[in-house]
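Should a chain be cited, it is by its letter among A, B and C, assigned in written order, with residues numbered from 1 in that chain.
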Amino acid sequence: MLEELGTNDQGDMIINIGPQHPSTHGVLHLVITLNGETVKKVEPHLGYIHRSIEKMCESLSYRQFIYVTSRMDYLSSHINNHGCALCVEKGLQIEIPARAQVIRVLMDELTRLASHLLWWGALAMDLGAFTPFFYSFREREMINELMEDTCGARLTMNYIVPGGVMMDLHPDFQRKVKEFLRLFKSKIHEYDDLVTGNIIFQNRTKGVGYISREDAISYGCTGPTGRGSGLSCDIRKLYPYEIYDQLQFDEVIETDGDSWARYKVRVGEMMQSMRIIEQLIDNIPEGEFQAKTKAVLKLPKGDFYTRVETARGELGVYIVSEGGSTPYRIKFRSPGFSNLSALDHMSRGGKIGDLMATMGTLDLVIPDIDR
Amino acid sequence: MISLEGLTTLLQTWLQNTLGEPWAFAAESVIVGIAAITLFAFLGLALVYMERKVAALMQIRLGPNRVGPKGIFQTSADTLKLVMKEGLTPDGADKFLFNLAPFMVMIAAMLVLAPIAFARNFQIWDLSIGVLYVAAVSSVAVIGILMAGWSSNNKYSLLGAMRSAAQIVSYELSAGLSILAIVILTGSLRISDIINSQADGWWIIKGHLPVLIAFIVFLIAVTAETNRAPFDLAEAESELTAGFHTEYSGMKFALFFLAEYINIFIGCAINATLFFGGWMPFHIGGWDSFNHVMDFIPSSIWFFGKTMFLIFLIMWFRWTFPRLRVDQLLNLEWKYLLPISMVNLLLVTFMAIMGWHL
Amino acid sequence: MFIKEYFKTIYLTVSSLLKGMKTTGYYFTHQKEIITEQYPEVRPVLAERFKGEVIMPHNEANEHSCTGCQACEIACPNGTIKIVTKNEINAEGKKKKAIDTFVYHLELCTMCNLCVVACPSDAIIMANNYEHSVFDRREFTKVLNNPGSKIMEGIE
């Protein structure tokens, strides 16, 4: 009977989790080796949602390829677009109007907030609590409506274009953002009561999925995953782009390296994002929202690399240009891929339940990993 | 006044007059069986609907609201769908055990019904070892779950079944010790004796702190024994997809689903009987006129009201808490609940000897 | 000491669990907080900029402002737009380029808004319509200019 159940020569059980499984958030396929309940090995298999976005971008012009990148990490689509636009602007060497810069940063932070809200609900759901998901989606819905007002879409906005943003802000934008902040702050205590302060949740995450600072560096973990291990890796602080160097915000760093540390980093980042939004919302400078650009953009011959901080970590955009109107080669360095590679290291020796908690705090978005 | 007690007496007299002793017993058995199955079907539908509504309201949703007024026929429609579905048996499964398992779980749940008193003198079988019988039979369900997990030839099912077995076997202990607390105070295992001992006040009130602790321990143990969140490790959706019933579909799945809700009902009914006096109205020792007013509310309403309240409490747990990990689940039992209920049993015994509860 | 820790753990556990139950209990008893939208009966109020599909507005005289310059066709990353042009002879007897059919493949469109931005004469805009399901996928291929429509006066 044991042979029929798919075991290896040491008598360990081998289980497929995914590509269709309630907690893999998409089509991630994990082959895990189990000794009883204890995880001995985790082997991620990728490729179920590979759409060759990098290759597609090579046949699109510099204006056109940006919309495709919304489909990589769809929860921080604004920030993906932003990274690509920054890289094109670096090649073109255009100055971005101050208003456009502020709008871009505002949108980035709202996106980060929305992404972390979704993660918060989904993590609680992975750990078996269903109700927080609805509370976080209630707040996320308000951000989506803000986006819909200004950008015309809720998830894949395609709002940031080379030279600025596509449209000006909606007249109601400032009022609605302030209303959202006020409502969100009045609900934060629920988040603490339901999940953060819950003893079961703390026990499920504390000491689970540990990764040391050294290992985080060697696996290339960035974003909240790296910062949970005490690695200072916030691109907004290290290599500030747009107006991030003029803003007052803290890089949230925890040193424990476990799921609980990563949880606290993300929750802290939500507060920091709100801080940034509060600083900017009343100080949007007047002026143009888009710099004047040529009808056909042509990057000079050479290599261009920019990086931005998405909700999951460092997104690098690398463009090789031959001087034509389409990129010769594009490569994205996506945060999810590197973070996923550390999953095996993190979850060895834990239980199956720990694997879910670790995976939840890594906040994997599969289309970002596969592209 | 028409009461359930009057109805049964009337039926029995009529049957005995028309059929004679042996045949009347046979007819009564058939009637009881049909009544039990009807009750189960109705309870299953009602509790699933209640759970969905409770969940929806806690999750700021509306819940089922399309089929019938306020969606009350939604669960019937779902059952109809499950009946129409094909019951698949996976290739490589142990077909005999696979098909037997849902019935095992269901029969175990049905057997526990026998000693439960639904109203004043309305009980199928008031056997002398009532609570012992309940504790013994309710743990038979784990055999059905193990059967389902093993015979499915599926690794998720196997893991779920093993978890469930470890869980139910452990939590039986503290459930049993909590029952013992009441047995010590009452001095009888018979359900009717336990209920009658609460005529001057429910145990939860006149039993002071020890009985309250026993009640909480029993509530947790019942939640764990019925595989409900936060102890739903046997199903653990985000870990094992559906645990031991991953491979089941159609009516066989529905039986597992129904058995879960029946088990909740029975667990809460026992809980209500032991700590809240079953059908016994809210009485305060000495206040005869107040007690008399309380007696006007039919005993069946008291029983179902208490049971539904406890069921609601268990649903509330489910929609609030995250799931425990498997080792934490066992830690909770062996490190906290079992020692606490043992010390508590000592306290209760001391209290019973000193007569403080009277 | 150990006993004290033991009971402290129990106290903290129970109090944190009760706090969580208070939150869900609040929503259970406050039904005005329900956020469900009953979709087919209650239609959502959409933002005016919502990108549902590309349309070409016509005025009362059945005139549009598309010159057939094909800027949108070039701007589109997916090949969603196909413009077939014809040569019209206007009142002065001069040949002029005009659109014959403006073909729009809704099934290919990602609502990226690049065509609307590219259009020099604001001939196409994004409409709010979001209910796109059809039984036959050929219905996704739409012709945006009305039959017999003409270009407005004064638009080059």
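Observations, loosely collected:
Simple rule for what comes next: a residue touches a chain if its C-beta (ideal position, glycine included) is under 8 Å from a C-beta of that chain, and two chains touch if they have at least 3 such contacts.
As the structure is a prediction and not an experimental result, all values here were calculated from the model.
Compare each chain's C-alpha centroid with the centroid of every protein C-alpha atom shown, and the nearest one belongs to A.
Looking at A-B alongside A-C, one finds more C-beta pairs in contact between the chains of A-B. In this assembly, the C-alpha centroid of chain B lies 52 Å from the C-alpha centroid of chain C. Centroids of chain A and chain B (each the mean of its C-alpha atoms) stand 45 Å apart. Separating the CA-averaged centres of chain A and chain C is a span of 25 Å. Shared interface positions of chain B, i.e. residues touching 2 or more other chains, are given as 58-61, 319-321.
Within chain A, residues 131, 138, 194, 198, 200 each touch two or more of the remaining chains. Multi-chain contact residues, meaning those touching two or more other chains, occur in chain C at positions 17, 20, 23-24, 35. Looking at the complex, you find that chain B touches chain A at residues 55, 58-61, 92, 153, 155-156, 158-159, 163, 229-230, 232, 236-241, 319-328.
Chain A meets chain B in the complex at residues 4-6, 13, 15, 21-23, 34, 37, 124-131, 133-135, 138, 194-195, 198, 200-201, 203-204, 351-354, 356. Residues of chain A that touch chain C in their complex: 60, 63-65, 67-68, 131, 138, 141, 145, 148-153, 156, 158, 161, 166-167, 170, 190, 193-194, 197-200.
Chain C meets chain A in the complex at residues 12-13, 16-17, 19-20, 22-24, 35, 46-47, 49-51, 75-77, 110-114, 117, 126.
Chain B contributes residues 54, 57-62, 65, 316-317, 319-321, 336 to its touches with chain C in the complex.
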